[in-house]
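Next come two complexes, and both contain chain A; in the first it sits with chain B, in the second with chain C.
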Partner chain A sequence: MSVAATQATRLQLSHFGRYAIFFVLAVIYVAGLAVSPAFAEPNYILNILRQITPVGIAAVGVTFVMILGGIDLSVGAVISLTSVLTATVMAGDVANLAPAILLACAVGLCIGLINGIIVAFSRASPFILTLGMGVAVVGLTQMLTGGTAKGIVSPGFREFFNFRVGGLLPNLAIAFLLLVAIGLFIEKATIFGRQLFLVGTNRATAVLSGLAVRRVTIAAYAISGLFGALAGIALLARSGVSSTVAGQGLEFQVLAAVVLGGTTFEGGRGGIAGTVAGVLVLAIAFNLVNIAGLPYQMQLLVMGFIIILASALYGQISDLAD
Partner chain B sequence: MAVKTVPGRFAFDRDGILILPAATLIIAALALPAFRDPANLANVVRQAGVLGILAIGQTFVISAGMLDLSIGAITGLVVVLSSALLNGDAALTLPVVALMVAVGAVIGMLNGVLLNTLRLHPLILTFGMLSVLQGAIFSFTDKSVGRTSAPLAMLANGDIAGVPWSALLLLVLAIGGHLLLAHTRFGYHLMAAGGNPESARRAGINIERIRFAVFVISGVTAALAGLLLAGRLGTGYPLAGNGLELDAIVAVVLGGTLLSGGRGSIWRSLAGVLMLAVLSNTLNLMNVSAFVQMFVKGLVVIGAILLNQPRRASS
Partner chain C sequence: MILTRRTLLALMGTTATTLAIRSAFADQATDTAQTAKAAETVDTSAFKKSGKIKIGVSAGYLSNSWVVFALQHVRWEASKHDVSEVIVTDAGFNPAKQVSDIEDLLRQKIDLLIYWPVDDASVANVLKRAVDAGVPTVQAGGGFTDAPGVTSNAYISQWKLGEMVARHLMQDIGGKGKIVAMLPIAGTTAAVDQLDAFNTVAKEYPGVELLSAEYGDWNRAKAKQITENLLQRFPKIDGVFSPSGQMSIGMAEAFDEAGRLGETVFSPGDEYNGWLKWAATHKQGGVVTFPTRAGQVAVQVGMDILAGKPVTRGVAVPSVYVAPAEIGSLVAADRPDDWWASQLPPEFLPQ
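== the complex of A and B ==
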């Protein structure tokens, strides 16, 4: 094969890798339509969007860390902690609404900062580190609450976020889209966004080129912690009921969505647009599992397969493209 | 890099971390009279049995430069399956034990084959496997099922002349594991593959075969740990294995084994297991709530991972 032809094939492959998830999204949506006409109803679609908001917000945050070549598995625990914390501080009073949300965001940000500082200044494996942080945060949540659900949301909080603008689009979904837009802006239009990809592609080169690698690392984990907190608040807004284990296991869904979206464990590639598509694919897949009459628990099984297969597929594509 | 320190002699950068388990043991023994009670000590050893077996398997995996996050879920699956199949029938013990070991081995083989053919990062692969296995456990049951058999309960809780059976089982497995890891060609090749896969490959070592083997060892030890845990619990509790993979990794790390691979010792990992067991027992004796214990465990994980860092000069 001529050089030009080989390069063309590589280009096609890397393009295919970049847009594969949108293709998968289209295919699974059409499959959904074939199985159930409900998928054609705007209400059903927007309901899916409302369902996925907490996981989606958290996945946007984790995407930043994974572009960098890191990972954040403490996000499920952060969602539980901030969700129950918000409800506790609210204590059923409107006056406490703003302080509750601010405190939850601050706590999420702090946990992210601690993760980021440890990763930036040590060579500890972020995988094990954030798993350990997750265990510590779950313990902290139980200590704070005594193990039972605590707190009552402020009146109007749940109602506001579940209000459907024009009878269709829930405010919760608008909040999600807004956060996605902010995430996309940070990724595409800021220097920090470019630096994330540079550090993720080749950390040593980034250090040698004088990039503030540590600062970028800390910022990425802080964003992940903050988005985790926002996801916790969103989860509380969706259900309106406080629970100490609300976020338990959500890190699996988040990781599956991010990896599915093309942001691999190795870092340097992917992005938030892919992650959002990944979250949607996951949500449609779960709905199909339900429609097929399979037990809810099969979701974990499906997610595990998705994590393994998507990682493998993207790995093969990037091997071929290089 | 890893093989320079002379084995057998105390080297601070390698063995300094062993001060932690030793100090935990001494402080607990001095400060808490209840801890020194022989019945309590036997209890500590019994508690350490499950984690000890898991840590033996994980020492193989980590020495080979890999990690296996699916072992907690394998343990949980075996707890549930074995209890459901036995349902208290002692006569079925041997066939069920054999079947469970086979289940563990097959999951390990699956991990090994997927790792080698798909060239996945072991953390992503085994994290995905963890999710699949948890899904399998919960699809099977979401509440406790079945009953373990008398021989397994005996193995987990009984003793002979004051020595717990589970301690003897752990000792036998540890001696076998140590001989395999430190005194066979397979063990040498494993260390070489973990320390520097590329050099090992060029020296003619079949790295794929070694990686396959360590995941099978890991799966089998996880199944044995599950049988012992089922014996302790008496029933198939679906959440029994949750988080055990992290405890096993921490135990190995507390023993001074680098996560980067290329070295590892069963005995040092067991020192790490002992430290975790003593810590948990001490907190229990001091009536510290399970919630605080969980928080402390998280901090221990973070602390251990921070202490466990390759020196900058070595890379």
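== the complex of A and C ==
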């Protein structure tokens, strides 16, 4: 083979490598189809979209931070806090709808800003910092609510989001796709998006080349906090207020989705498209084992295997491409 | 991932171990044995105390509304007696912290310890130390615990609760049909006992088939997601066995959104306000209570112990059935979903 031809092949394969997660998604979707014809029904697929909306929205926000090379473990706590806060401010009144949502977003944004400022201006490890922030936010939530989830959702709020346009597409799913589109736009079409990748790939170079690294960092964490708040509102729309720890543990699903989607802990690579595919892979895996009717313990085992296999497959494809 | 022989053997070993772990929880025989043990009298003469009482409450966790209500019942009952102070500690699901919490309370010279554990085994020792130091201990709200460190129990039998729910469901569906069961966190006393109670009752109704037992972790969103899958798997579901009101509403929503609410009958749930609102509106389901007043009973038992009166090793806080038609009196329409029907006076309701 000539050198040029080898180069061309390598370029094609590397292109393929970036989209490995979509291949994995296709494989697991086909597996789902083999298990149950439900996966062919549009109603069911859109149901899955609705199910993943809270985790999905949060994952989009965390992707920004992880492209930077950081991490945000406070997102689960932010979801719990904003979910309860929104319901509390709504207090069952339609007039409170807008203030409730705005307040929740402001709170999420603030928490993100604090995370970002501390990471940008100190040598604090983002892992420990956001973990600690998460714990603090859980405490804050308990303090504000006294342990019982307060608040009554405004009438019409949940009905609006569960309403299916054309009898098919739920508004919640549309909201999710809209936020994904916004995220993709920021990532691919703005200078900020380019800067994220630059800082994530080589921080030292970015600093030396005069990039406002601190500003980029703070902005990324702020976006993550904001998307966390939006995820909390989505969770409220999906399930109503049922506890003060509704978001507990979601940060691990979010992380799994982001890493599965190709955005690694080192930063500088990956993206939101991959994250969304990652979230879908996790959701299909869960629904697959559930709908297959396996006994519960087997469900957990098989779901774990699917996630391991998915990441292994993804790794193999990426290796082939490199 | 290369599937070597070693990997395969490790996998098989793990699977076998997981499936072989036998649960040590109640079935009907164990429940009967527990009831018998609970009826035993405890000699409380050693604990007799006069004057103002200091109550210590070691909460394994305070992060859900049920325990918050149980705690308010403790405070309410305490206000009716000669109690100087109620000190509350929260272990936040950390067993080691609960041990140090109880030690702290003992250092503060409490006269009575009310507790609900994160994990029975971890606190067994420190409870024994409390009893040896002359401080009686009363377990509140969980299953019956028989240990040297536990003076008495204000316990709720999950098995009996499950049995009541199952029997009413059987009545409401006419004794035959296909049922799905929604249970809490797998492996907990509640989950194991409720499922066993259902299976025991179902034996008397050969026309009833359990399609699937699912675990919703007391999580409304998860129960909804699982139900969406159940609706895909099973073209007809005649009945839903779900003692937890929180999960029942999630399930009801899923049925409603699939347009299949009319084909199924819901079992009674607990007195979770969100479920009460739903059951009152839809006039079905009813309630089998999971009484938060276990906290109140615990203090009553504790005060009897301190007065030197004989008490039994366990006082069952019975679940009661409330028919759908009578739910109206229990619902608190202006309160959030995450609220529990109770007799608490307004000044003791959670703020």
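The definition used in the following text is that the second predicted complex is superposed on the first by the 273 of 322 C-alpha atoms of A that agree within 3 Å, B and C clash if a C-alpha of one lies under 4 Å from a C-alpha of the other, contacts with A are read in each partner's own complex, and residues count from 1 in each chain.
To be clear about the criterion, a contact is a pair of C-beta atoms (placed from the backbone, for glycine too) under 8 Å apart; a residue touches a chain by one contact, two chains touch by 3 or more.
Keep in mind the model is a prediction, meaning the values are calculated, not measured.
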Looking at the overlay, does A:Q142 come into contact with chain B only (first), chain C only (second), both, or neither?
both
With the two structures laid over each other on chain A, which partner does A:N162 touch: chain B (first), chain C (second), both, or neither?
second
Counting only touches as set out at the top, which of chain B and chain C does A:A34 meet: first, second, both, neither?
neither
Between chain B (first) and chain C (second), which does A:M133 come into contact with in this model arrangement: first, second, both, or neither?
first
Determine, under the contact definition given at the top, whether A:S243 touches first (chain B), second (chain C), both, or neither.
second
First (chain B), second (chain C), both or neither: which does A:Y44 touch?
second
Which partner does A:Q297 contact after superposing on A: first (chain B), second (chain C), both, neither?
both
Which holds for A:I308: it touches chain B only (first), chain C only (second), both, or neither?
both
Take the contacts of chain A with chain B and those with chain C, and give the residues found in both.
142, 146-147, 297, 301, 308, 312
Taking the complex as given, what residues does chain B use to touch chain A?
67, 114, 118-121, 123-125, 127-136, 138-139, 142, 243, 246, 249-250, 259, 289-302, 305-306, 308-310, 312
Spell out the residues on chain A that touch chain C in their complex, using ranges where they run on.
36, 38, 41, 44, 47, 51, 87, 92, 142, 146-152, 162, 235, 238-246, 286-287, 290-291, 293, 296-297, 301, 308-309, 312
Which of the residues in chain A end up touching chain B in this complex?
118, 122-125, 127-129, 131-140, 142-143, 146-147, 252, 255-256, 259, 265-266, 295, 297-308, 311-312, 315-316, 319
Sites on chain C touched by chain A in the complex
1, 15, 18-19, 62-65, 67-69, 186, 212-215, 219-221, 224-226, 228-229, 232-233, 246, 249-250, 257, 274, 334-339, 350-351
